[in-house]
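Given below, in the form of structure tokens, are the structures.
One chain, chain A, appears in both complexes that follow, with chain B as partner in the first and chain C in the second.
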Partner chain A sequence: MSFRLFELMLWAAGYTVVLSAISIAIGLIIGLLVCAAKLSSARALSLPATLFISFFRGVPLLVQLLLIYNLLPAVGIMVPSVVAAVVGLSLCTAAYQAENLRGGFNSVPRGLIEAADMVGLSPWQQLTRIRAPIALRLTLPALVNEAILILKASSLVSVVGVIELTRMAQNLAASTYKPLLFYAVAGGFYLVICWTVAGGGALAERLTKAGRA
Partner chain B sequence: MTLDFGLMLDKMPEILSGLWVTLWMWVVSTILGAALGFLVATARRYGPAAVNWFLKLCVEILRGTPFLVQLFLLYFGGPFVGLRLEPVPAGLIGLTIYASAYFSEIFRAGFQAVPRGHVEAAECVGLSRTQILRRIIAPEMTMLVLPQCVNMAIILIKETAILSIITVPEMTMVIGAIGSQQYAFVDAMFLLAIFYWVLVEICGFLGRLAEARLSKFRFAVS
Partner chain C sequence: MSSTRPSPATDDIPAVTVKGVTKRFGDTEVLQGIDLSVPTGATTCLIGPSGSGKSTLLRCIAFLEEATTGTILIHGDPLGFAEGPNGQRSRLSPQKIRAVRSRIGMVFQQFNLWPHMTALGNVCEALVTVRKMKRSEAEDLGMAQLSRVGLENRAGHYPSELSGGQQQRVAIARALALDPEILLFDEPTASLDPELTGEVLNVMRDLADSGMTLLVVTHEIGFAATVGRRIAFLDHGKLLLNGTPQELFGEPRHPRLGQFLETYLDRGAATLL
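And then the complex of A and B:
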């Protein structure tokens, strides 16, 4: 493999990382909203949230991507395929992150909330100072896990024509007739990315004492 | 762009054959993957350190790369090392190996989670080694790993959709092709999504049922 081709693969790996990072960030925001809706006592909010989580966790990401990619133009929204890909990845990860966050909020020790009540914190202060920080710290390990899952799942957006790592490997494998080499290199890049994220996550967990209340 | 369900009805044999391919490939790869994963977990626990180290590396590589890339490597790269496979066997082998890596981690955690004291207590009251394995370790481990195994099985149903990319004639490929022929791809994808959704919900329901039935062992663990 010439240096020029390696450079192309490296660029595509960067594209995969950026694509996944954007999707995870958007997914976290949507996930927080869905989690809030799901934890709400109003059925008009919790029922749609339950359906959202069940649907996006119950349908293969490939089918979601094909659906969104073809649905957007059909309803008159013309966007580049990469936008459809980010929408699909974000919605899918939002469902998983909402469930993780729900677990985090439910594990905030009851005593802490009672103590906050005692010292006279308002419900909003309780949320922003006690419950949200603790819930986020509890869900950090799950978030790192989800980030790795999305990095790997982002390979599926190659199907809707986004030139990321997998698609680049596919193109180069076809044009050079060396599939073994290029898919192995792509796999190597994914490994390096995933292990880096896992290592960074472990470090962050140690520094913030995440995973504990 | 409404889907003509009359035409869809005409295509019923094709859809059913796609559903059948999805189901059997899912069941076979789940069972084979779990069996292989159990062997890997056992070899890592009771085998020599070198075997443990080598298998750990394999598992980490399989868990750190996308299934699609593994599948491409096997299906398109295979012929270059003399491994020429049809789509269905390639998909089955790929899915089984992929599943075995995750199952092996589930079983490894299961082995570690059986409390040492229970085995010691069983030895004290004079149970034989096979009795301990059959009456203590196996039931406790089953209870511990069952939820994760159900979860993995659900993940695998969804992974079977990826097999359509290497032209395995399963549900996604069949329904996608019908959708393209009838210029109603979006409707076809909706239908497909609902198919998978129902399948996953059924699997989750059966899993919870099995957990409830097996929960008589739970008090022994906690």
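And then the complex of A and C:
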């Protein structure tokens, strides 16, 4: 493989990382909102959240991407394919992250909230100072897991014409007649990226460990 | 006692007044019409067998549980529900509930320290977020409270790095930091071994000696007899006896209380064998 081709692969790997990171970040924000809605006692909020979660967990990501890619232009929204890809990945991961976060929030011991009640923290202060920090710590391993899944699932966005790591490997394999080489390099890149994320997650867990019950 | 609050001018108003409180969980009536006054500046102990409703009563006083009927007054001010002229109850606003509740502190059986904050962080949290104190001021005050319970050298430790007794003393410091008029204890030593129980009871004894108003749910009969100014004995959701330790523990003794105390003697004898 020439240096020029390796550079192309490296660039595509970077594209995959950025695409996934943006989707995971947006997904986490949407996931938090969906989780809050799902935990709400108001049915007008919890029902849409339930529907959102069951749709985005129940339909394959590949189908979701094709749906979004074709739906947006059909309703008059012209967007670059990369935007459709980010929307699809974000919404899908948001559904999973919402459920992970819900598990975390439900695992915060009742007594810790009663203690916050007794010292006069308002409901908002209880959420931001006590419940969310503890829930996020409890959810951290699941969030790292989800980030790794999304990194790998981002290979699917090639179907809507986004050239990321997998698509780049396909293109170069086709034009050089060396499929084994390029798919091996792509696989290697995915491995390194995922190891890095897992390592970062383990480090974050260790740093917050002292603060866990 | 470092409290700067002037003692209430109306000392004859009890620290806590419980009026006709009942509490029902489904079909079970856990509290069956409790009337109780907790005097200011002294320690009152709630004793009784498991399931007698003493913890539930304390939680109703703190408004962590809502009494099914009846009202709670903190130095005359209603907490949770106000009683109208015809005896009908109306729920107070969350702001009002927080305002009255800020005058009482609570120490739990399970300590309930926030695991993601250090000992000092736990003590300072409400000073900063609720009382809007500067972080540095709050930490000075927090350190003072931690040294009061003998833990100034554990300020930077997380709860998971502390023994149960130390955690409970931090929890006491957390409650003290807000300078409460009344401190409630819900079986504060029930999850501690005897040695750690001793260090927590010593802190509580110091607080009692300093003239704080304490209301303590406990199985430590020795502590109740020596530190308690008033003892209330609950049985099957009813306040069976209420008086000084001499009145309750001296002769002649109420047969039900005698029966209850014998279980302690049995246990004490068992540990000697």
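Here is the rule we use: the second predicted complex is superposed on the first by the 209 of 213 C-alpha atoms of A that agree within 3 Å, B and C clash if a C-alpha of one lies under 4 Å from a C-alpha of the other, contacts with A are read in each partner's own complex, and residues count from 1 in each chain.
Quick note on the criterion: a residue touches a chain if its C-beta (ideal position, glycine included) is under 8 Å from a C-beta of that chain, and two chains touch if they have at least 3 such contacts.
Small disclaimer: the values here were computed from a predicted structure and weren't measured.
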Partners on chain A (chain B, chain C) - clash or fit: fit
Touching partner for A:Ser107 - first (chain B), second (chain C), both, neither: neither
Which superposed partner A:Thr208 touches (first chain B, second chain C, both, neither): second
Vertex chain A, arms to chain B and chain C (CA centres, degrees, nearest 10): 100
Chain B versus chain C as contact partner of A:Val119, first or second or both or neither: second
Partner chain in contact with A:Ile130 - chain B first, chain C second, else both or neither: second
Contacts of A:Leu156 with chain B and chain C, given as first, second, both or neither: first
Chain B versus chain C as contact partner of A:Leu61, first or second or both or neither: first
Least C-alpha distance (whole Å) that remains between chain C and chain B when both complexes are overlaid: 23
Residues of chain A touching chain B in the complex: 54-55, 57-64, 66-67, 70-71, 74, 148, 152-156, 158-159, 166, 169-170, 173, 179-180, 183-184, 186-187, 190-191, 194-195
Interface residues, chain C side, partner chain A - complex: 62, 64, 98, 101-102, 104-106, 108, 110, 112-117, 125-126, 129-130, 158-161, 171, 174-175, 178
Chain C partner contacts - residues on chain A that touch it in the complex: 109, 111-112, 114-122, 125, 129-130, 133-134, 137, 208, 210-213
Residues of chain B defined as touching chain A within the complex: 1, 60-61, 64-70, 72-73, 76-77, 80-81, 157-162, 164-165, 172, 176, 185-186, 189-190, 192-193, 196-197, 200-201
